[in-house]
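Given below, in the form of structure tokens, are the structures.
Common to both upcoming complexes is subunit A, partnered first by subunit B, then by subunit C.
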Partner chain A sequence: MSPAGLAWRYVRRQPARAALGVTGIAVVGALLFDMLLLSRGLVVSFRDILDTAGFDVRVTSTEAQPTLGPPLPQATRVAAAVAALPEVREVVPLRFGKAEVPVTDGSPLGINLYGSGTREGRGWPVIEGTGLTPRADGVLPVVINRRMARRLGIGPGSKVRLTGACASVSSAAPAIELEVLGIVSFPFDRAADLTAMTTLPAYVRICGGEDPEEADVLLVASKTGVSADATVAAIGGAVPGVYAFSNEQLLDRFQKTDFSYFRQISFVLSSITVFFAFLLVTTLLTVSVNQRFGELAVLRALGVRRRRIVASLLFESALLVGTGGLLALPLGGAMALWLDGILRQMPDIPQRLHFFVLDPRAVVMHVALIVLTAMLAAVYPAYLAARLPIAATLRREVVS
Partner chain B sequence: MPPSSILVTRQLAEAEHLSVGDVVSLSSDPAGKDPRSFRIAGIYEPTPDPMRLVAKRHEVRLHLPDMVAFTGEPEAVTAINVALKDADDAAAFARDLQARAPSVVAVPTEAPEDGAGPFAVLERFHRAIAIVTVLGSTAFLLSLMVMRAEERRETVGILRLIGISRRHILGEVLIEGLLIAMAGAAFGVVFALATQGAVNRFFQWRYDTTLVFVRVTAGIAWRCILLAVPLGVLAGLFASWTLLRRDVVALLRR
Partner chain C sequence: MSGPIVEAHGLGKVFPMPAGPVVALDDVSLRIEPAEYVAIAGPSGCGKSTLLHLLGCVETPTSGTLALDGREVAALSDAERSRMRLSRIGFIFQRFFLLPMLTAWENVELPQSELGAAKPERRKRTAELLDYVGLANRADHKPSQLSGGEMQRVAIARALANRPKLLLADEPTGELDDASGEQIADLLDRVNGDGTTLVVVTHNAALAARAHRRLQMRSGKLA
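So, the complex of A and B:
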């Protein structure tokens, strides 16, 4: 009989034990899989959000993250200088502020207000209506997110009056009427955010008193075939006094700061779960070998080689860990949805950001760790089986 | 005129190699225009703030008149801290103040725990991980107990053969399981107590903070014991029962 057949028979002989072992490995493996997903989930998800915005470089006035640092002065001049670079396809200045919408049934409703330069094509992903395009007839356009549309009961074609609250104190500027052109999906919206985006001139009018030449960030899209790093280098060389960084650089910075807690917790828990799985399988196999010393001695006495016995134990380990590891994938997937749901309740998290994201690298790593665990877990029991004294064991079996 | 005094955080002092008595230039302009000189009067440890865990605490404290002159925003402050004679009046005071001055936002410093804060969410996440770990451990424990019971199959068969009742053997298993589970739970608590310092030191070093990350409280220790001991005992009883329900002949393989 082949070592694989022998291993299969041993496992089948103790189905309850094997089932419990596989269950334990599946649960531990699911946790391991989830921790591997968590270790890169935020990065993968954040990259996806950054990429879907359609820009690969951001320009700010300081090294601080966009929205956390001071605004970029003379943004119009800087944007023109950046747009003139041969590496650049599109530059969109962006401003972030707050505004209030008067509602009939209570105090004014606070919203996020963005001022955006003109974008190519339809611009931000449009859900209903049209994107943000300047109007020649003097009407101030605005696009809003779905939550704001539902909250105020408005849609494309509706009028909305906004009062700027862009500075730390409310603006004394009067409410400005805008026409809703469409309902748009903003990539960094949080679950409870009410967001509106208008043109830069309209933003300056709403906010009143803001410097029209300032922007919080310039969003830059490189031309096809030009890498973001090349664009960053070109901006650094051509426009002194500004900070340009690619999506990858932004991600790298987040990985070292904001995301590091989850990366570390996933590393700690991954290590513990791998060790736990190793301990579980080693214990199961060692006790299993101890219980069948007599059988192994008989097999050896009948001429079965040590190598075959060791191979059968390796197969047995692979069978338990492999089955448990495979079951861990769907189980881990379901658990990841549950855990992601919990973590996404955190305040100030963009609605589209996920902590657990299915990533092929995580699956490959999971399989590699499971295989390694199975092999290492079989080492000690295989050593016991290989070193078994045949005559003494048989004598002990007969006497006992 | 001598420069005004400021305080700098320990983190900033370490990063910029500053010490008490040094004169530093500060500017409110990103390009460093119109700098003003200040003398460092002291270095302080910033109040640990979990909400700013990953932020570098490079901060300075200025006297309010210096700050106002520095920023060029006369009569403007970000917030006013109020210490009440009776802290329990905070909510009522905030309501009263807001009613009298509608443009002011008054918030008690101790907000009611509504379960929506980041640490409440993290607690739920860790609890979920703990539940999964307990499930995995239970499967592990059960398989070990089943094997342990199987090892004792013949001994149990002989005990049954000489007339010792199932109930008596189960009682023995119960006491043994109780002792082992209690020892295991106690070991786990002692291990957590012994390693919490190392965990805290690592994360305090990693995030350059004095925040405490792990604290094994009596409540947590008791919760672990109350969960682990019954689980251990039940696993032992379950495994033994799978053996005891067989008849004596089957136990002795005769």
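So, the complex of A and C:
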């Protein structure tokens, strides 16, 4: 009988203990899996959000994150200089402000208002109608998010009046009428956000006192085949006084600051869960080995080699940990969905941002840690079994 | 003509204990020829089992020399001693020590599998042995489903699995009633009659009386 066969028989011999062990590993493994998902989840999710719009480089006036620093002066000139670079396919200046929408049954609704210099109408996934494109007929276009459409009962073709609530706007700013072209998805919207995006000229009209030459950020799309790093380098060389960074650089910055708490928490909890899994399996196997010292001594007396007994214990450990580790994946997945739902209720979290994201790297890491745990957990019981004094154990078994 | 199966000179075994060393064997010399049937008797604690363990290569002597089937045991590595036990020595224990999660068939097949015997050969040999000990119809039974006498017969079949030259039995009837003990004694006679060298440690005078040679031990020495 092979060591694997022997291990299987030992596991089957005490099904209740095996079931308890596998359940314990599954629960601990599920926690481990969740911590691994958490450690990368924000990064994967944030990258997905950044990539959604199809822009791989952002240009701002300072090193601060977009929306946190001062606006970029002379944005039209900078945008033209960037657009002229051979690496660049498109540049879209963007403004971030606030506006109000009058409603008949109460006080005006506050909304996020974006001004976009897009010419192609692309960049934000369209749910209904069309994307934002400048109109030649003098009509001011706007695209809105689904929540705003539902809240106001409007859709493509509807008119909406917006009053600027930007920092520079006086309280007596006139309401401006815009025509809804479509309903789009804004990647950074929070759950309760009402958001509208219009063209830069319309934005300047709504936020009357704004400098028309300013932008909060320039979104830049590299040409096909050109890396974001190459575009960043080209902008740095051609346009002095601005800060360009790729999505990866932005991610890297977030990883070192905002996301680092989650990474540290997941590292600490991952380490603890791996240690618990190790303790659990080591204890189970050590108790099991202690209970069958007599049988192991008989196997050795019959001539079974040490390494076969060690291999059998390794297989036994692998069976328990492997089964528990596999069960941990769906269990951990379900727990991740639940925990993600809780965490996403935190205020100021973009609706599309997830804390737990199924990432192949997390699965590979989970499997690697489980295999390593199984092997390490078998070391001590295997040592006990391999160093067993045959004659003394047989004597004890006869006397007991 | 082949040499002795066992040749021991001045064997000694001392166990270090907290209260002081305990001499379990003291200057034991012994020669056992092929196909011989030797019984070792003596009071409890006189060193019988220790001598059997030394002969079975599961214990190493503190002093003296031991050669099994012409090979000096002290010169063998742990792996070589395992190989020696597997291929040339059979063990029968007082408490049978069958693996409880394996059937009678699997218990008998285990040492052959460990030695690397091919599956058809293992099947043939296991069937032969279970038939030899009269348990062909209990092949699929686990030890918990067998009587004490049946378990000891399976243990004898297991001990014979790799055709050992030396069969060592430690109180083989110690856990059995008289009738079952008699059956086991008959079976051991048959095994020896078929050419296997047999060394039995026993308190059972009737079993010892069946041996060709009876050795008496007292305080770690052969009397």
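Rule of thumb we're sticking to: the second predicted complex is superposed on the first by the 392 of 400 C-alpha atoms of A that agree within 3 Å, B and C clash if a C-alpha of one lies under 4 Å from a C-alpha of the other, contacts with A are read in each partner's own complex, and residues count from 1 in each chain.
Basically, contacts are C-beta pairs under 8 Å (C-beta built on N, C-alpha and C of every residue); 3 or more make two chains touch, one makes a residue touch a chain.
Because the structure is predicted, anything quoted here is derived from the model rather than measured.
*Asks:* Label the relationship between subunit B and subunit C on subunit A in the superposed model as either fit or clash.
*Replies:* fit
*Asks:* Touch test for A:62: subunit B only (first), subunit C only (second), both, or neither?
*Replies:* first
*Asks:* So in the superposed three-chain picture, is A:136 touching just subunit B, just subunit C, both, or none of them (first/second/both/neither)?
*Replies:* neither
*Asks:* Identify the partner contact of A:394: answer first if only subunit B is touched, second if only subunit C is, both if each is, neither if none is.
*Replies:* After superposition on chain A, A:394 lies in contact with subunit C alone.
*Asks:* What angle, in steps of 10 degrees, lies at subunit A between subunit B and subunit C when each chain is taken as its C-alpha centre?
*Replies:* If I round to tens, I get 80 degrees.
*Asks:* Classify the contacts of A:287 with the two partner chains as first (subunit B alone), second (subunit C alone), both, or neither.
*Replies:* A:287: touches subunit B, not subunit C.
*Asks:* In the superposed arrangement, does subunit B or subunit C reach more residues of subunit A?
*Replies:* Ranking subunit B and subunit C by residues of subunit A touched puts B first.
*Asks:* Between subunit B (first) and subunit C (second), which does A:298 come into contact with in this model arrangement: first, second, both, or neither?
*Replies:* Only subunit C; A:298 stays clear of subunit B.
*Asks:* Using the superposition on chain A described above, determine whether A:306 touches subunit B (first), subunit C (second), both, or neither.
*Replies:* After superposing on A, A:306 lies in contact with subunit C but is clear of subunit B.
*Asks:* Looking at A:260, would you say it contacts subunit B, subunit C, both, or neither? Reply first, second, both or neither.
*Replies:* first
*Asks:* Working from the superposed arrangement, determine the closest approach of subunit B to subunit C, counting only CA atoms, in whole Å.
*Replies:* Between subunit B and subunit C, the minimum C-alpha distance equals 10 Å.
*Asks:* Tell me, which parts of subunit A touch subunit C in their complex?
*Replies:* So the residues of subunit A in touch with subunit C come to 1-2, 9-10, 12-13, 294-295, 298-306, 308, 390-391, 394-395, 397-398.
*Asks:* Over in the complex, which subunit B residues touch subunit A? Could you list them?
*Replies:* For this pair, the touching residues of subunit B are 30-31, 53-55, 76, 78, 103, 116-118, 121-122, 124-125, 128-129, 132-133, 135-136, 139-140, 142-144, 146-148, 150-151, 203, 206, 242.
*Asks:* Looking at the complex, which residues from subunit A come into contact with subunit B?
*Replies:* Subunit A reaches subunit B through residues 14, 16-17, 20-21, 23-24, 27-28, 30-31, 61-62, 69-70, 168-170, 241, 257-258, 260-261, 264, 269, 276, 280, 283-284, 287-288, 291, 335, 338-339, 342-343, 345-347.
*Asks:* Would you mind writing out the residues of subunit C in touch with subunit A in their complex?
*Replies:* Listed in rising order, the residues are 49-50, 53, 56, 58-59, 78-79, 82-87, 89, 91, 93-95, 97, 99-102, 106, 109-111, 113-115, 158, 170.
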